[in-house]
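What follows are several structures.
The following pair of complexes shares a single chain, chain A, combined with chain B in the former and chain C in the latter.
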Partner chain A sequence: MEYIATLLTQIAIYVVAVAALDLLLGYAGIASLGHAAFIGIGAYTAAIFATTLHLGFILSLVASIAVTSLIALAVGIPTLRLSGDYFVLATFGLGSVTSAVLQNWVDVTNGPFGIYGIPVLDVLGVRLISPGRFLIVAAAVMAIVLVVKQLLVRSPFGVVLRAVGADELVAAVSGKNVTLLRVTVFIIAGAGAAVAGVLQAYDLRFIDPTLFTIQLTVFVWAALYVGGCGSWLGNIVGPLLLFGMPEALRFVGLAGTTVAEIRDILYGALLIAVTIYRPQGIAGTYRVR
Partner chain B sequence: MLGQLIVNGIAAGGIYALLAVGFALIYNTSRVLHLAHAIVYTFGAYAFYCLVVLLGIWGWVAAPIAVALTGMFGWSIEAFVYRPLRRAGAGHNATLIATLGLISLFQGTYALVFSTDNKMLRAGPLPVYQVGSISITILHVAIVGMTLVVFPVLQLFLTQTRLGIAIRALADNRELADIQGMDSDRLYGVIFLMGSGLAGIAAILTALDLGATPDMGFDVVFAAVVALVIGGVGYLPGALAGAFALGLAQQLVVWQLNTAWQSALVFTLLILFLILRPQGFFGARMVTRRV
Partner chain C sequence: MGRGAALELDHVSRNFGGIVAVDDVSLNVVPESITSLVGPNGAGKTTLFNLISGLLPMSSGAIRFDGRDVGGLAAHQIARLGIGRTFQDPRVFSEMTVLEHVLFGFRLKGEAPLRAVLRDPRMRAEWRTAKEKSLALLGEIGLGAKAEEKAQDLSFGEQRFLSIARTLASDPQLILLDEPTVGLDRDAIKELSRIIRDMVRRRGKTVLLVEHNLDVVLSLSDQIHLLVGGRLALSGKPDEIRQHPTMIEAYMGMKYAALRREH
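And now, the complex of A and B:
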């Protein structure tokens, strides 16, 4: 049971990350390869605030969202004016520079050793110490994030967001401030990524720079795309499937040490197959162009 | 010290140049942001490792075989992934997703087959020539020599041969090339074959010194793409100049600061150029498509 709960906790955390990316890539058509960087920045901010300033969960969550949003703003303003491939390159660079900072800014991030001893959560006096217990928090946050996302995409803001994703030029000609909208959704997605990062930090209680590399970005992209863009159900199906498949392999009896590699191979192959044969994903409504 | 760094910088620049020009060939014709060039590059290193260390083939024979295999690997990525996507009318972001899928698929495969340990291709230090206080290894010479051979040959190929001219026509305008009766699928195949072969050369030259790991390709291919942005994407000599400039700049960072900040430098240069001079130093603009 504990094993299932641990797995479901991870899935819930990834649903949050995927939902954030969906706003950016699925709706607005902005291809950011910096998603792992924002998850990492969120996780590290919360971990640092929690271990050095002893802030509680809510406070470090808020602080983390604030810091990540500011960084997203600072990165977004110069880069989002770039179009297409330039932006992809810039965000890819953001990912590698974030890894370098996490590895080398030892005074703050503790470098390659990572941050230990992230406190255990108390909810209504219950210490969530056993591995599966954190599921309650993760699932609650996931539900909130999905509801907020649905409200957002049905609002007038969401309509314009889709218009920008479908045809930026038409949206601009219709008098919409496309750059402002792109920066706004970039910040929202950054904040969402931060939430996923904070959950990850509190679930694992130990983070290091290797968790937040380009591979994480690819994984979140894969989960979003396989599940399908523009649908809350797709946002859940993707992580469920990508986590479920390798676990199934474990039961078939493939050695534990190679699970990570087999997972990479499986979701890479799945990603290619889906782009060719089912571009809207399993439960999606949108086709990423 | 400075002299040594300049030598190292030129060698690094040569590797970037070989990768950048292959990437540019592919990008300018197919418009695919082929980030999976990184795993093609890594393929070259492992192919050479298999031939030399596992099969015991003499290095000078193994190198051209490994380069040819890498070229064929690139060709099959075109034929089995990008071509079906093109036929299905997939757009820019969908192709990017497939590229990421390729990265994940092959990085996992390399790690599974070869483990994540560094596979050394040779034992002992490289033969060194001492010029004053500067030591120049045989690889430094080979990298610079290879760059000096490859670029003029490529320039001649693109301007003087029928195939080269067809490739440039395709880069200019695919519809018109199709109307002229050119077989664009075959041309894309040739381009991926050539670009990947160049990546194979770069990989062997790097791996002889540093060995092979599954993730060896990312930073170096990213640097090569940045070199391309610096030099201007559509202009071969610009790519060459950008690659050497970046290689030297990185070494100066090592000298003044720390190896760790190399990737920060690459990123900063990328952002500066993208914002201030997106057409590159020499003014050949990267074409981006809307929608």
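And now, the complex of A and C:
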């Protein structure tokens, strides 16, 4: 049971990361390869605040969202003026720079050794030490994030967001401040990524720079794509499948090591199958542009 | 609905490298009137639209709207001052519904993400009113029955009407229409002409029209300007323009024949 709770917790954390990317990529059409960077910045900020200042979970979470949002603002203002391909390159650069900083700014990040001893998650003074209890918190956070996302997209803001994603020129001549909107959604997605990072830090209680590389970005992109853009259900289905599929093989009796070896083949097959048979994603409504 | 406002072009030019696309054009658009820009392909009509709506910077000259210098403003700032436009292609948002296109046009306070999340009663009331107004507008444009359909499922003509409804929703005082009849059949052109006349008579808008269909231009316009090679070649009322040698010269060939048939 503990194992399943741990697995479901990881899925919930990835749902948060995928939902944040969906706002950016699925709705606003902004292709960012810097998603792992924001998850990492969120995780590290919370881990540092929790281990050095001994802030509780809620305060670390708030601090982490604030710091990540500011960094998203600082990165977003210059880069979101770039057109499509150049923006993708810039965010790829952001990912690389973030990895380098996490590796080398030893005084703050402890470099390649990472940050360990992240305290057990406590909510209002209650220590939630068992995986089952952590799952409750992770699932609650996930639900809040999905609800906030739905409120955002099913509103005038969401309509304008999709319009900007579809045709910036039309949005501009209709009086919409396209750059402001793009920066705004970039910050919101950064904050969402930070939430996923904070949960990850508290779940693993040990983080190091290798967790937040471009591979994580690719995984979140894949989960969003498989589940489908523009759908809260898709945001859940994607991580559920990507995590659940290898696990299911273990339950039918394959050895753990075999599953690990064929996992990438599975992911590849899944991506190809979705691309051919359901390009909008399993539960998706919009196509990734 | 807002009242029309005057647009003034003052020695406006635009070069692309060595090519002069718009060459020293000065003209006035009178409030609550329909003014048309005509001329052969490449005459600089669409470039002029892009200069007015702020998608391209001018090389020299000045553009004033309602007495205010709008040169150098960003496209969205110019739009907020009351200049709306359509494009030659409908440029609809293919995955969005017809209703959402019109809702998009309105400028709502609920566009702020925080208000979207908090859903305070005022924001909800605003959203509801906007939906009602959108449906009414769609009804006037003839798309009322298709409000919930995705734009990509509409015919080309319907997409054109939708793009006009989207522009009207943002309530501009001056509307720039870039070849609105292209690709429309006879009935649709008739309906479009009615809508354009309505913009001025019922809504008090000012219309600036780029159009190749001379029948439409001659029947709708209060004032016509002929652009040739980026320069203003001729200006006048439809009756003055119709038979003018410069006009006939610019529209030689099929257009020439069409003009003759009228008389």
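Just so it is clear, the second predicted complex is superposed on the first by the 264 of 289 C-alpha atoms of A that agree within 3 Å, B and C clash if a C-alpha of one lies under 4 Å from a C-alpha of the other, contacts with A are read in each partner's own complex, and residues count from 1 in each chain.
Methods note: a contact is a pair of C-beta atoms (placed from the backbone, for glycine too) under 8 Å apart; a residue touches a chain by one contact, two chains touch by 3 or more.
For clarity, every value in this text was computed on a predicted model and none was experimentally measured.
Looking at the shared chain after the overlay, A:Pro78 reaches chain B, while chain C stays out of its contact range. By the touch criterion stated above, A:Leu169 is placed in contact with chain B and with chain C alike.
Look at A:Ile188: by the touch rule set out above, it reaches chain C but stays clear of chain B. Once the two complexes are laid over each other on the shared chain, residue contacts for A:Val160 go to chain C alone; chain B is not touched. With both structures placed on the common chain, the touch criterion links A:Ile58 to neither chain B nor chain C.
When the two complexes are overlaid on their common chain A, residue A:Leu152 makes contact with chain C while staying clear of chain B. Applying the stated contact rule after C-alpha superposition, one finds that A:Met1 touches neither chain B nor chain C.
Looking at the superposed arrangement, the partner reaching more residues of chain A, out of chain B and chain C, is B. Of the two partner chains, chain B is the only one touched by A:Ser96; chain C is not. In the superposition on chain A, the residues of chain A contacted by chain B and by chain C overlap at 167, 169, 287.
Those residues of chain C that touch chain A in the shared complex are 53-55, 74-76, 78-80, 84-85, 87, 91, 93-96, 100, 103-108, 110-113, 115-117, 119, 127, 130, 166-167, 170. Taken in their complex, chain A has these residues touching chain C: 148, 151-152, 155-160, 162-163, 166-167, 169-178, 184-185, 188, 285-287.
Residues 25, 29, 31, 78-79, 81-86, 88-90, 92-94, 96-97, 99-101, 103-104, 167-169, 214-215, 217-219, 221-222, 225, 258, 260-272, 275-276, 279, 287-289 of chain A touch chain B in their complex. Across the complex, chain B meets chain A through its residues 33, 35, 81, 84-85, 88, 90-98, 100-109, 111-112, 218-219, 222, 225-226, 229, 258, 260-264, 266-267, 270-271, 274-275, 278, 286, 288-291.
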